[in-house]
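The chains carry the letters A, B and C, assigned in the order they are written, with residues numbered from 1 in each.
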Amino acid sequence: MPDTDGGAAAPPPDHRAAARRRRVRSIGGTLLSLVLTMLGLLLVTFIIGRVMPIDPVLKVVGDRATQAQYDAAYQAMGLDQPLYVQFARYLGDVLTCDFGRSISTGQPVVNDILRVFPATFELATLGTLIGVFVGVPLGVVAAARRGGIVDQVARVVALVGYSMPIFWLGLMGLLLFYGILGWVGGPGRQGIIYDGMVPTVTGLILVDSLIAGDWAAFKDAFSHIILPASLLGYYSLAYISRMTRSFMLEQLSAEYITTARVKGLSERAVIWRHAFRNISIPLVTVIALSFGSLLEGSVLTEIIFSWPGLGQYITKALLSGDMSAVLGGTVVIGTCFVALNLLSDILYRFLDPRSK
Amino acid sequence: MNAARRNWLLSDAPQTRRQARLGALYQGWLTFRANKLAMFGLIVLIVLIAMAALAPWLSPQSPFAQDLANRLQPPSAAHWLGTDHLGRDILSRLIHGSRITLFIVGTVALIAPVIGLFIGTVAGFAGGWVDQVLMRITDIFLAFPKLILALAFVAALGASITNAVLALALTAWPPYARLARAETLTIRNADYIAAARLQGAGPLRLLVRHIWPLCVSSLIVRVALDMAGIILSAAGLGFLGLGAQPPMPEWGAMISDGRTYILDFWWVAAMPGIAIFIVSMAFNLLGDGLRDVLDPKGAKS
Amino acid sequence: MRHLLTPRAILLASALAIAPAAWAETPADTLVVAHTIDDIISLDPAQSFEFSGNDVNQNTYDRLVDFDPMDMEAGFKPSLAESWEVSEDGMSITFRMREGVKFHSGNPVRAEDAAWSLQRAVQLNLTPAFILTQFGFTADNVEDKITFDDTSLTLHLDKPYAPSFVLNCLTANVASVVDKETVMANAGDDLGNTWLSNNAAGSGPYTLTAWRPNEAVQLAAFEEYWQGAPTMKRVIVRNVQESSAQRLLLEQGDIDVARNLSPTDVDSIASVEGVKIQDEPRGRILYMGLNQKDPVLSNPAVIEAMKHLVDYDGIAGSFLKGMFVPHQSFLPSGYLGALDDNPWTYDVEKAKKLIDDAGMSGKTIVTKVRDLREYTDVAQALQASMAQAGLTLEIQQMTGAQVLDAYRAREVPVFIGEWGPDYSDPNTNAATFAFNPDNSDEAKATGLLAWRNAYAVPQAMNEATLAATLEQDAEKRAQMYIDIQKQYQAEAPIVPLFQRIEPTGLRENVQNWNSGRSVASVMYRQVTKGE
């Protein structure tokens, strides 16, 4: 959930160069705090991994292992070292992009993440696109005709979106649109017979199938992604339309809008050229945050749609004590989140007319 | 209500502090009551609370009584909402489950804002390195994938309803901390705080007596709006088998149980799904209404 | 909820515009399977011990002896070994290798490869190694104990084991014959363990095209397979977790085989046109372990009462319908020496009386159950009947890993879960249910179910279990196991409840499907798709 941070108040008028210097310095400060946040993130994840009452060794050696096999694996995994040594070693590995080997897939975690992250990314991106292309116009129109039919519809749509358990809606959607109507593809990222037919370039099947020029595979992948993406899109739509509406209302009540109207500008021009242009920056922040929460928050959707994404990967790893995988996944999500924050921060600082 | 009391409450020139306070409350109530949707939300929640309080008397059967011969029965006169896969009456389970839902929401709504309020106001009021440290900690928890953190917490302490609640509270506080800090920053340099300081009020007193009360109303609004999210997250944990333990009729766990049967016996998953939907909708409506009352600035936009 | 459909309907309309109008059938020479395959950790036969990993290896490798998918009842048959001979004293077995068989790489299959594969599994000493090391092989002596020449291979045992015991163990995946030259060309210093985890170097009917963990396994037919190229040229196994999802896929014709259908889904899919259900008994036994460290559960009257508190027929007829059948002895049907008597019945009155007489009424037991549907349902049914008999059962749901941890630490009072045989010989279950020579905590015999439940197996039963592995006459051996199981039913606190039945959902045209019955893993080479 995004928050308005009271710390970002408009700076008093000052000399331009000084302002720029300060801006640069504050970005330096932001970067430093980013590094600290990432370190903290790693530490918390590491501690969670150590206090989990799940024995990772057992996962490696299996149920039937003898004590000798167990002890050998325990040492091979470095678990006999003191905790700070383990953490230091882990940090060193992370800096060289080595997240270790997952014990639930037997693969290097980096490979696993390169495989599962694009699936989540593809889903979250399409979901956000749907949220933006439906949510923003809906919010703008709702604000322009406040209390009108569109406003009421937008309100109900948002309300339902906030109140519906996603896993339930997902199950019902799958049943209706795939099981009964047969309009969309079933669970999974693509039809099983297309499995492995498209060479992997980006890991995003929609993009890869276009690169390969395989139109049938593209259609198939699209028919599979559209339902879960609409589901996620619906949630981001609920949030984006609501925020757009409130930003727009704030602008529309501003003085310059009245001036523009008095000048005789058409209502369309007032709304889109003036008011909307001014909300585009906070809107970018909202969209970035909504995108971030879709990247992290689609575990339940992934489970229901058999979507081989990051959320499912981390959950499964967590439940089997596969801490290398959990740490790797958390670092990726944390980095995305922090990067999105940084991006919207920078956009805010450099584009906001008030800070010029 | 008689006219005299009404006038007394709505008086422009209250005689006592008590009259002023009650008057303000009454004004708020009038605003709130005018909002039909918010009233609807309130009524739903009152019904829910009544249902939870009277669960043993309301529910037609025991929520735990199994009857394998009558499993997966559709809604009928004997079982208004049908029976689940162990032949238990779904209506009775929903009614008893309302207690669990209220317990979860109530506890999280108590714990998370309090942690957030404490950390946020201390950070905003103290400033300097304290602020830096506390806000970095907040950032870490914000950047941490929420469901993963809750999962880890529950996995570490064992699956139970109490731990699920703790986990949710643990993941829910950072936004409150940020909000409280932002509020504190705007209040910190206000004249009356300076005045109180001149009168010799210590930092603790300033914080407790002057800053906290001012942060509370915006937090309440936020909590009311977040309640639905809390219910859904709790249901999500229940869905993953990490919340309430069997045979407790937690709604999320009931959906999870029912999903195996969703294709042929839709009501087993649909009934608790609808229950969750109605209750979280009610919380959303209530939150909207409260915001109109407590935070007129936000309501305007 | 109508308004809900508005934005969605628009999106779906756009999906409709470009989505294919009807879902095509799967290609005639491709077998498409939905299964939960997220348990695969490694595909190295010396390491793989998970169901799905074995499912892959069963088809990519051959062993010295194998089951015939079209005649499972016959037991193991010659495969890469053409014949074998047991020495007079029973201490060694010599296998004559089949001529002219090729690995996928084109290399010939030699006695050297077979010997090296077994030696390698012993030397790596990973999880399934015990299947071989129980015959006295160690990393140090294995090169002397497993010898070969140009045409044959000899195993030198430490005791005169029953030949059926040794040969059954050689049908296990750990005894797969690996292409030594190919592996050594790719191996580091780990005998090729890392490389083989993601690759296959066998002589089986299928080659491994791809494995993406938690997603899919793809196999392609090996055209030069010595028993003839398989009909299905391509096999795709996709990881699909939810039974409802598998069912939808099968009904729509997007897959040919659904392997994890829930009982209700099986029930309703049976009437769907174009789909059929095939039931196969599997080797897994669902049992209830009563921990003897628990003061209540160690009371003999309570043990007896618990056996009457399971609604065997009610459970098998309702939520476990089509997945389990009542089976109250530890050897699954289909095994040598299996016992099909079910002496216990559901009788709450009798149980209540037993508990009252023993003064145990009103006691509470707190237990941990894996958060798997079947187990928690059985636990809840047990909870309800125990309550009627005066005992309270508190259930804590946990992940499989957590329960296993606690179980190995002897901290699960009432264990409800399954045991799957490790190899196709009765000893695999006897040696864990009915064998526990040292019941002390220090013994740390974490691999033995009897130890995990703190069940001090009587000395006579320990000895009987050992003696049965040495009996050369198969009929006498079967009788020994029946006797052990009868005694076990009379006194043991570990109570076998059900045997697994695996219903597989198939498209009508799929013929000769074989999940491996109770003794092996899935086999694809005989599968065909008719009209």
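The criterion applied here is as follows: contacts are C-beta pairs under 8 Å (C-beta built on N, C-alpha and C of every residue); 3 or more make two chains touch, one makes a residue touch a chain.
These are the chains along with the protein names UniProt gives them: A = Dipeptide transport system permease protein DppB; B = Putative D,D-dipeptide transport system permease protein DdpC; C = Putative D,D-dipeptide-binding periplasmic protein DdpA.
What you see is a predicted model; the values in this text were computed from it and never measured.
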| item | value |
| --- | --- |
| Contact-richer chain pair [A-B vs B-C] | A-B |
| Chain located farthest away, centre of subunit C as origin (C-alpha) | B |
| Central chain (distance from its CA mean to the mean of all protein CA atoms) | A |
| Distance between the centres, which are taken as Cα means, of subunit C and subunit A, whole angstrom | 39 |
| Approximate Å spacing (C-alpha centroids) for the pair subunit A, subunit B | 25 |
| Centre distance in Å when subunit B and subunit C are each reduced to the mean of their C-alpha atoms | 46 |
| Subunit C: positions in contact with at least two other chains | 242, 244, 248, 399, 402 |
| Subunit A, residues touching no fewer than two other chains | 53-54, 160, 171, 175, 179, 319 |
| For subunit B, residues contacting two or more additional chains | 155, 158, 259, 262-263 |
| List of subunit C residues in touch with subunit A within their complex | 1, 3-4, 6-8, 10-12, 15-16, 18-20, 22-23, 26-27, 30, 32, 34, 38, 40-42, 49, 125-128, 130, 197-198, 209-210, 212-216, 218, 236, 238-242, 244-245, 248-249, 251-252, 254-255, 399-402, 404-405, 408, 422, 444, 446-447 |
| Residues of subunit A touching subunit B in the complex | 1, 3-7, 33, 36-37, 40-41, 44-45, 48, 51-54, 159-160, 162-168, 171-172, 175, 179, 246-247, 249-250, 253, 296-297, 299-300, 311, 314-315, 318-319, 326, 329-330, 333-334, 337-338, 341 |
| Residues of subunit C touching subunit B in the complex | 242-244, 247-248, 262, 264-265, 267-268, 311, 314-315, 317-319, 371, 373, 376-377, 379-381, 383-384, 395-399, 402 |
| Parts of subunit A lying in touch with subunit C, wherever the complex brings them together | 53-55, 58-67, 69, 102-107, 112, 115-116, 130, 134, 153, 156-157, 160, 171, 174-175, 177-179, 182-188, 191-193, 195-196, 219-220, 222-223, 226, 230, 233-234, 237, 303-306, 308, 312-313, 316, 319-321 |
| Partner subunit A, residues of subunit B touching it in the complex | 124, 132, 136-137, 139-149, 151-153, 155-156, 158, 175, 178-179, 181-183, 185-186, 226, 228-229, 232, 235-236, 239-240, 252, 255, 259, 262-263, 266, 269-270, 273, 276-277, 280-281, 283-285, 300-301 |
